[in-house]
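Provided herewith is a single structure, encoded as structure tokens, for subsequent inquiry.
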Amino acid sequence: MTRSSPLPGFRLSFTFTMIYLTAIVLIPLAAILLHASRQGFMGFLHTVTAPRVLASYRVTLGSAGVAALLSAVFGMLLAWVLARYDFPGKRVVDALVDLPFALPTAVAGISLTALYTEQGWIGRYLEPHGIHVAFTPVGIVLAMSFVGFPFVVRSVQPVLEDLDPAMEEAAASLGANVWQRFTRVIAPVAFPALLTGTALAFARAAGEYGSVIFIAGNMPMKTEITTLLIVTKLEEYDYSGAAAIAGAMLALSFSIMLLVNLLQWWGQRREGNRT
Amino acid sequence: MSIQIEHISKRYGSFTALADVSLTIGSGELVALLGPSGSGKTTLLRIIAGLESSDEGSILLHGEESTRHSASRRGIGFVFQHYALFRHMTIFENVAFGLRVQSRLLRPSRSIIRERVRELLHLVQLDSFAEMYPEQLSGGQRQRVALARALAVKPKVLLLDEPFSALDAKVRKELRDWLRRIHDDLHVTTVLVTHDQEEALEVADRVAILNLGKLEQTGTPESIYNNPASPFVYNFLGNVNLFHGRLLAELSFEERAGSTERSIDSAIGFVRPHELELSRNLPADRRAVVASVLRVHAAGPQIRLELSIAGSGRSVAAELSRKQFEQLALVPGDKVFVWPQYIRLFDDDRAMSLLLDQGAGI
Amino acid sequence: MTGHRPVSSSSLLHPSRAQQVGRVTLILLSLLFLLGFLILPVAVVFTQALSQGWKLYRDSICQAYVLSALRLTGLVASIAVPLNLVFGLAASWAITRFEFHGKSLLITFIDIPLSVSPVVAGMMYVEVFGLHGWLGPWLSEHNLHVIFAVPGIVLATVFVTFPFVARELIPFMQAQGSDEEVAAVVLGANGWNVFWRVTLPNIKWALLYGTILAASRSIGEFGAVSVVSGHIRGKTTTLPLQVEMLYNEYNFTAAFAAASLLTLAAVVTLGIKKALEVTTGLRRGNEKEEAKS
């Protein structure tokens, strides 16, 4: 029992937590990082900058970036509408935003593909106009946006909901018009949350596998995403190669995690630490 | 059961919460730990309870060294400031809790538990509330339940942490009286933490005043009110006016603004508002000061006047009975002569305390 | 959303005609977006599954491999979810009821699965338990199989779902405070009494909510499981993997039939989540770091 609390069970709960974490997270994580580093820095660098790998970065990060922006736009729209307006069916809409979280990525993948191929419900209108979605980077961006936009919604929505109407009323009584109220009162508060959500959407998109591989086409150097490349290398028994690329992806994940934490800290500071 | 607190010290990092506090509480006594926030009174209470540990010192419960005993084995009852009732249990289940969690060997039978709970609910006058939930009760009712719950396991010591401060003024007064009555019935050694001096002085057998982790004074309510040992205690109990001045050889006290007498030391003088005398005419054999009336507060049993002393412009509070006030018929702007009936002097911080009766002029 | 008053009810901000039109436009745009982006994919699953008639749909689902995939998915979820539930309880008890150094580091570690790509997650276990991994030789010596076998799938699923219960409980228990539990201790209750009689009843809704999230995720996990499973039909394919297999064999109807089961589960999950939110006023937890993957 720690001296600072009269409640029992610290040793038991803490030890269990640490053992569980170590076994499930820390040791496996260490295993990949160690393997990746076993090739030495030059070896690592060589692997992760091979042409095919570089191409996959281009595809993955490029698409993730565009998808993040799209997620930001649509996510912001939905967050705004959900936080500030009442309309019939609002609860259903709110629940549906979580669909990409709840739906298995493979299911998302095959249904998106089915929609946008030539025979698909949407594809049949687009293809004749020369707009190819399935098996192109456009499809990749689409699938990534599908899984990414809920992050933006769920980051911005609570912030907008917590906004005190009295603030806007005060601004209005002081003579601010609609646009000014938005840019001076609402946007500064919502912006950090928007950035956070977009960063999360980006991270999710970059690491995505199931929803993308069906619609992507998966042609090396053209439409092959990095996660697929890792799987391919595993299937070819190139464990070192896979580990190296996985290591690079982990570096990206952790950087984004750090960025998100910083953004949240910044956001809290601006609000005077409301959480 | 008596409580002996010996040389208790507690620090949080560089902040000293308690510094060498020693106190003895006799069996059956009701002692109030009084002080402003940050004085360490709650910390001391929690150390007695075993909810926090001290860095130095020991706690003896009925002569037995209890410092290492865990909170659940000290035989104490604790009442929290915010009730801490089990929100998902009925009132009955709340009060019965302490009895139900006893080990199989010691646990009383279901019918005995039921009997005891009914008894306690009757004691706190909440008989018909047994099947309700805490959220359906008012603050005052919840605190009564909390008390009943604490008493259910027949504690040898009852500890209350600012139990009434979350309640309305009227409810606070009612519960205060009621706590005193229960104590008189049950004679459980009780320690009450409060920052409300009125509460402490009205309810307790003895009061212990803490300030910044140190014990300033202990004694009966009367004795500490009439013989405060330091400016802090004096200031904390009851409204005061403060005068800085110099102590003169002949024990007359000149206010700093304009004195030609020879002075020895400087001192602080305290006068309570009701110890000031007012008159429209200059008193014959007394030194008095001219003041003008700034404001009159006529709501309540006493009339409170804000005066501004001519010359220094300093404001001073005076209290009169309605009768006295009506005799004087003062309105804002009027001029009055003011002098103290009693003045209590402190040299530096504490130590010397002189009571000057009349003869003194401001 | 307790106590939240939509801005549209504020009388000072009574919208002008133009604003009202703008408002309706935004709402319609969002509904359109939702329709095209979310509802259509769900609809497609069912139309494709049923495109060759109800009988074929039923046969596809009752086919041996699909059934065994269903069983495996159920098995994995029924192991992973209780394990993570216990972890969530232990972690939130330690974190919210005690003070110790490194608390925020611990919380960061708990968030790791949310920021790691599922493929990388699967790879981590291959690195430890695979043939060439740390424990590989030892495992083959004792004829134990983790990778390309059920234990590996369970592990990968445990990894991706364990933050959920903890992340629901931690802010909830933090906000509730420990007063009731301290009161119980003073009244003489021992550790288990405090937990069962006081803590658990107070956290039951948050616990349920987190469990639903974890369960939904363990059923639907694809990427991580794909890496560790080896895709051995009938033995190590979960339902999502089975969907992929059928699809890659161009057996689209059967693939969508299997997918429809998963979609139904997802929709049910959403319904339960919403119902919980509405009836118990639970917010959605820490959206800023919501489930990744």
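We just call them A, B and C in the order they show up, numbering each chain from 1.
Following the convention adopted for this analysis, contacts are C-beta pairs under 8 Å (C-beta built on N, C-alpha and C of every residue); 3 or more make two chains touch, one makes a residue touch a chain.
The structure presented is a predicted model; accordingly, all values stated were derived computationally and were not measured.
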item	value
Pairwise touch network: line, ring, star, complete, or other	complete
More contacts between chains, A-B or B-C	B-C
Separation of subunit A from subunit C, taking each centre as the mean of its C-alpha atoms, in whole Å	16
Euclidean distance of C-alpha centroids - subunit A vs subunit B, Å	57
Where subunit B touches two or more other chains at once, by residue number	51, 71
For subunit A, residues contacting two or more additional chains	4, 6
Residues within subunit C bordering two or more other chains	182, 185-186, 190
Partner subunit C, residues of subunit B touching it in the complex	49, 51, 71-73, 76-78, 80, 82, 84-89, 97-98, 101-102, 149-150, 152-153
Contacting residues of subunit A [partner subunit C, same complex]	2, 4-10, 12-14, 16-17, 20-21, 24-29, 31-32, 35, 74, 77-78, 80-81, 83-87, 89, 91, 93-96, 98-108, 110-112, 114-115, 120-122, 145-146, 149-151, 154-155, 157-158, 161, 165, 168-169, 172-173, 178, 193, 196-197, 200, 203-204, 206-210, 214, 227, 230-231, 234, 239, 242-243, 246, 249-250, 253-254, 256-257, 260-261, 264
For the subunit B and subunit A complex, residues of the former touching the latter	50-53, 70-71
Touching residues (chain side subunit A, partner subunit B) in the complex	1, 3-4, 6
Residue ranges of subunit C touching subunit A (in the complex, touch as defined)	1, 4-10, 12-13, 19, 23, 26-27, 29-31, 33-34, 36-42, 44-45, 48, 86-87, 89-91, 93-94, 97-100, 106, 108-113, 115-120, 123-128, 130, 132-134, 155, 158-159, 162, 178, 181-182, 185-186, 190-191, 194-195, 216, 219-223, 226-227, 239-241, 243-244, 247, 252, 255-256, 259, 262-263, 266-267, 269-271, 273-274, 278, 283-284, 287-293
